[in-house]
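Some structures to go through are shown next.
The same chain A turns up in both complexes below, where it pairs with chain B and then with chain C.
Right after this comes the complex of A and B.
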């Protein structure tokens, strides 16, 4: 294959942003290897101490395994994307600067994956878990001009985000019981406690649910096939080695919290088996490249979940090993799909065939990846199935048989994918090749070759993989665990099971008539009544509900006011119910000038009622003025001359402005806009006769509630220690005599400054509103 | 006196709450004014001491609590700003929409929003059909 010569790929090699992210991932990979060999490290810093949160990271076995995955697969996929993304943008006629919507999120994603892999605190785990969901939202929705991408991005965010919330609830339950979020401490506490209580089981189930949703397990798997709307490198990274791996990572990390409950581990077994079966069966029926791979991912993570359900040394070690082997193979296959699409423009298996003639190198390296996934010898994949068979057969015979069927399914859909792509007759694709075959950038094949090479290496020299899985199992179980794999040329159980699986797979491949109707029926049933439907109708329902609330709340001022008053009133009422009433209310004494105050307050109350009874705007304004001036007099009588003077001034100004507004356009004289447009004015008052008693009632209730609250608060005994004496004492020091003035200008000067700002903002608002009117 | 203050504040607040719920924008503004008056009255009456004005020299008698007076001043001035803004909005609404009836304004707005949404829907349908054509 010749060196890349096209404009786009030449541009790709110059893109410093892309290469920076790719090199950072590579650097992270090398650093992770060194750290792992060095024995890891632990970082434990206080974070939010009142909440008992700590920044607790530990680069242990699990941390090493997933950090190596995130950075290693990341480096390969990013290198691939340096060539892929410019072509992708080119095809969509999008500007090159859109790569800024891609690379930073990819980088942040791998960083949060590494953080997630090492986090030792449930809340920290939740935060990083959610961060990966946020990144995935932007990455899946990268082709934001396409509706399918946007829908898929939102679905992934909502579904996995809801999962993250269940994890937080589980964490909160555990914290309530044991007073810590730290996973190692919780594990210790739970094991000392003995058999799991119901609350522990619920908490463990919630955490497990979050993990299962993230790993796209049945029945909440539907977001993953939709997420295939993402550009291929995103699928290859997120949906093989990172995002979906985060789920089983959480299971591995919190395993000691989950294993105390037999219910939860049994649940893992059931969900995992269902995912293997449903994912595998539907994968066999799909036509789109990435759809086949997405359903196979669901099925493959089902294996891992089953292994954690089996548990123990065999289960935990096999699960860790499986994750690595699967990630290598699956990301290589995803990248293969992307390269084929780039080369031919096809996206479906029915559109291609016989590509090995044009793309021999790609055919060879992806055959290795397929062999790894279907567990053929000489690849690391063989050992993943050996461990799987061993654990399953040890658990029970039934599970052993099921595991053979599962492996047969894997064999069938993997080779169906590969043979349809590369073997058979060359099919004419109705679309013109997007990229001439002879100009396909080499970088669209080399990363796949690198991943396949790694898979072959693992098949021959399995020691590093075995050590990695053993370390991860040690971290998962909390005590030393080792993984042993080897080729045994004997009729051992595992070998016989593998032979059975290959035979079954070959049979499935050779005779599609046997299973195709059933699998198609399953897929159709899933589309018609499956969980995706529930999600859609749930989302629609929420949309309608929010529109209905919006209509009620926003389209009518009255409802908006009621929406504030009513909950406020209910809260006050609850407060009253909860508060003891004995001695809470005092009448107080009336003496001296108080009689004048009482008289003025009576006048104020009468004037306030008058305001409500009249519809004439001028009377309203005048009655308002009586209220304001009456209160000003009350303030003067209570020894507050400053307040009285200001109130007098403000009242005068407000009255004048109010009168001006009212006098400017007498009410009812002008035609309304509706009448101007030729509509007949509708009789409102009659239509709302039922409301005649409603508003006064609400007003009376509000007034009554206000009265009770004010009375209760004024009846509280006076504080013995007061700041007033201090303030009076300090007033001369502030060069003033009026204590109120000094408080405003000096002691609480900042308040006054903000107040002046508010006035200034209001003045600007008034000017803006009035100057554009015809009145000025 | 405690009871008297509470009754007065309650009556003024209730009148304000009733007015805010009415159909006429001018009365709504009047209601807001009354509610803020009631609040100022509560602040002033919550003073711990009552007596002469807190202006030096105060003599032997305890003066009125100056702290609540400072707060009441702030509340009054903010109330003025809010009232001015509300009145300006009222003037503006009448100048442009020629109505101060809350229900009528709400209905007009609802119709306007419906029109907007309809045109938006038409646009979406157009886009969708374009996409479908491209697919074919």
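Right after this comes the complex of A and C.
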């Protein structure tokens, strides 16, 4: 990897775009603190009234917590990225303007997170939920020249987007039952309703599923490790304050809708515990820096999901506290990984070691972050585990034991990550021991220091964190809740559990032989038959299906026409089978001018048969003209002179245009047999199927369906004609006598306006294509 | 084309235009509207192209070259006569005079915004179709012989041939 040039580092200091976004995040952070201390605000504006949608935002406890994360962690990560991104682009020899593909999305990402945190309406929640997915798509795929990035971006979008759709379905079910999308109103309605009905359970489960997918919980966790293809600041932000946090944010926000169903809260417990176990075990086996951290995130959000599954004051408060502590630690560790990669070029734990001598400050601050994640005292992380142990032990003994094992796993993979980076013999990718590391801008360390400082401040002065978590729990539960933490120098249950966890973690670290084969087998099994494989084969299957359909549909002109006629005809026929047809088909009498109409229609039918059987171009055009002009005569006979006039004129023009086209075509040349069989556009087609029966069959189905529709509608004079009667009645009031013109120019003037605009656009399109914009 | 067809084409132009004008003006009272009138004008012009050829037609009727501009003007007139109620806070296409009011008469002609709208439709359709005839009558690859043909223009004719042969 080439050494960073001075040009790019100098550029980093001066990039106004980057600093604007970073300063906006910082400003948002300060504003969020002020708003939170001020008691928040509520904004409730009508949005789409016919659909009962409102722009309802409320800066309550949850809003404050996640807005502070999105802007605060955002400020740190963005500051880091001002130095990281120029180096990243420089390493990949990409132009500096590519930063425009980064910063606007980062800004929108944090903005949509703030919106999501404060949204109080399920549809609004859905929209902003998807907006974060869209932002993450572009950010994960930032290195778009690499296939892995593109695949990962698409996977994140598809998997979490599918989740968002389940949330929308859940919201629609609740709306059907209770007539509102507003979360507070729904919560009230559900609690008055008492025990959850099956539909409520299904709706709650669908919303929970969306949140769990977003928080990368087992079994739909596989998109998150792939998303590590993103640049490191994106990963750091995605894991700690955006995207993945959005999942547990939604659980916290909709908790009152979920808790009415015991099934759903039990489901949260099971999914959370599975995620802790699988994420933790696989994290211990990974070699890539970011892979270790990605699986640890799956495991960590598993804790939060378990806490919401436990529920109540203890659970909700602990969950909120956990999210904050985890965000500080995880973003700092991700940024550490990025800095180490920038300094050494290494991306794997097996390539590095003993870096504390050269990067002492980084080693120190990331040790604090690791201590926070593994819940050592004097960091805010200690309290997160204290609350976790308290809630788990209160729930049941079994859960208490599982929570100790989980915390032990966390301890093990966190310190495995840190010790492999900074301790042991000095290794730095393929550098010789004497070769120094790349010089790094200070901005690649300072934000990590700031985050760690905040973590250690929280360990000593926990009041702000406690208040924040308490406020969030209040908003989650809908009634007042407080969180209490303190150091207790006594043999309390929580302290004993913490000691047990550290001992277990140290044992896991010291004796890898105990667990390594089992964990590797689990990771291997996951790769062989896991949900990621299901996703891949599902995607492949859909691709093949789409290609097959596309092949059939657009092979040639006949296939394209058939693709419209055949499904249309079949749908209409199915409709006729499904509806009662008694009395729908009657045969009227024929007299007077009807005889002329029948004669004209017979002529049209003969001409139509001629069109299908002849191969002479001019004959086809003339037969088509007979069809059109014959129908125009029928209109005239039926007393519709306006329609007849337009039909006559249009037919004349169309016939002339067709004749002009035929004049360009080679004269007197019959289509070859191959062309007749429809193979002209694909000379090397493998399957030679006869079209002798296919095309007439398709034509018969479509024609038969159209015939049935016309017959049925002529058999019973429809009630819809009342509109026409009204228009005829109103015509004198519009100062007209010709109903058709009055409808076109007055009653339905806007339609006409749009139609003539289409004509104008088409003509100027032709001009642009034929004459490159020369209009005459 | 014989002398006879040429004479007939010349003779037919003026009556055709007059019919079109009548249909346009009488559209609100009798059969027909701006669209029909525009197509009749186009047919009359197309006949001249067919008989006299593009070059001579455009020499004899120099007004034709304003066709694209007429199309744009028609679009603007239609837009204006449909959207002006916005200025007064009324719904789109609330035509003047409203129901119950008496329209202004000029002789036997009634002045109303829907008729103006119809005139816009007429100008747009006629202008657009005549512009199309102009472009189709002189395909670019014929006109630009001697010059290096643009890459986009030359495949047009074989493509049309292929479509027609199906």
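Just so it is clear, the second predicted complex is superposed on the first by the 554 of 776 C-alpha atoms of A that agree within 3 Å, B and C clash if a C-alpha of one lies under 4 Å from a C-alpha of the other, contacts with A are read in each partner's own complex, and residues count from 1 in each chain.
Rule of thumb we're sticking to: a contact is a pair of C-beta atoms (placed from the backbone, for glycine too) under 8 Å apart; a residue touches a chain by one contact, two chains touch by 3 or more.
Predicted model, so just to flag it, every value in this text is computed and none were measured.
> So, does A:594 touch the first partner chain B, the second partner chain C, both, or neither?
Touch status of A:594: first partner only.
> Determine, under the contact definition given at the top, whether A:757 touches first (chain B), second (chain C), both, or neither.
Second partner only, chain C.
> Is A:641 in contact with chain B, with chain C, with both, or with neither (first, second, both, neither)?
Both chain B and chain C are touched by A:641.
> Determine, under the contact definition given at the top, whether A:770 touches first (chain B), second (chain C), both, or neither.
A:770 contacts both chain B and chain C.
> Who wins on chain A residues touched, chain B or chain C?
B
> With both complexes overlaid on chain A, does A:612 touch chain B (first), chain C (second), both or neither?
A:612 contacts chain B only, not chain C.
> Is A:320 contacted by the first partner chain B, the second partner chain C, both or neither?
neither
> In the overlaid three-chain picture, which partner chain does A:749 touch, first (chain B) or second (chain C), both, or neither?
second
> Name the contact category of A:733: first (chain B only), second (chain C only), both, or neither.
It touches chain C, and chain B stays clear.
> So, A:352: does it touch chain B (first), chain C (second), both, or neither?
The answer is neither, since A:352 touches no partner chain.
> Touching chain B in one complex and chain C in the other: list those residues of chain A.
Shared contact residues on chain A (touching chain B in one complex, chain C in the other): 556-558, 617, 641-642, 646, 650, 653, 657, 661-662, 664-665, 671, 737-738, 740, 744, 752, 759, 762-763, 766, 769-770, 772, 775.
> What does chain A use to touch chain B in their complex?
The touching residues are 146-147, 551, 555-558, 561-562, 565, 585-590, 594, 597-598, 601-602, 604-605, 608-609, 611-612, 615, 617, 620-621, 624, 627-628, 631, 634-635, 638-643, 646-647, 650, 653-654, 657-658, 661-662, 664-665, 667, 670-674, 676, 684, 688, 695-696, 698-700, 702-704, 706-708, 710-711, 713-715, 718-719, 722-724, 727-728, 731-732, 737-740, 743-744, 748, 751-752, 755, 758-759, 761-763, 765-766, 769-770, 772-775.
> Which stretch or stretches of chain C touch chain A in the complex?
Answer in residue numbers: 27-36, 39-40, 42-43, 46, 65, 67-68, 71-72, 74-75, 78-79, 82, 92-93, 95, 97, 99-100, 103, 110, 112, 114-115, 117-118, 120-121, 124-125, 128-129, 131-132, 134-136, 139-140, 150, 152-153, 156-157, 160-166.
> Could you list, by residue number, the parts of chain A that touch chain C in their complex?
So the residues of chain A touching chain C come out as 556-558, 617, 641-642, 645-646, 649-650, 652-653, 656-657, 660-662, 664-666, 669, 671, 675, 680, 730, 733-738, 740-742, 744-746, 749-750, 752-753, 756-757, 759-760, 762-763, 766-767, 769-772, 775-776.
> Using the touch rule from the top, collect the residues of chain B that touch chain A in their complex.
1-24, 26-30, 33-34, 37-38, 40-42, 44-56, 58, 63-67, 69-70, 72-74, 76-85, 87-92, 94-106, 108-110, 113, 128, 131
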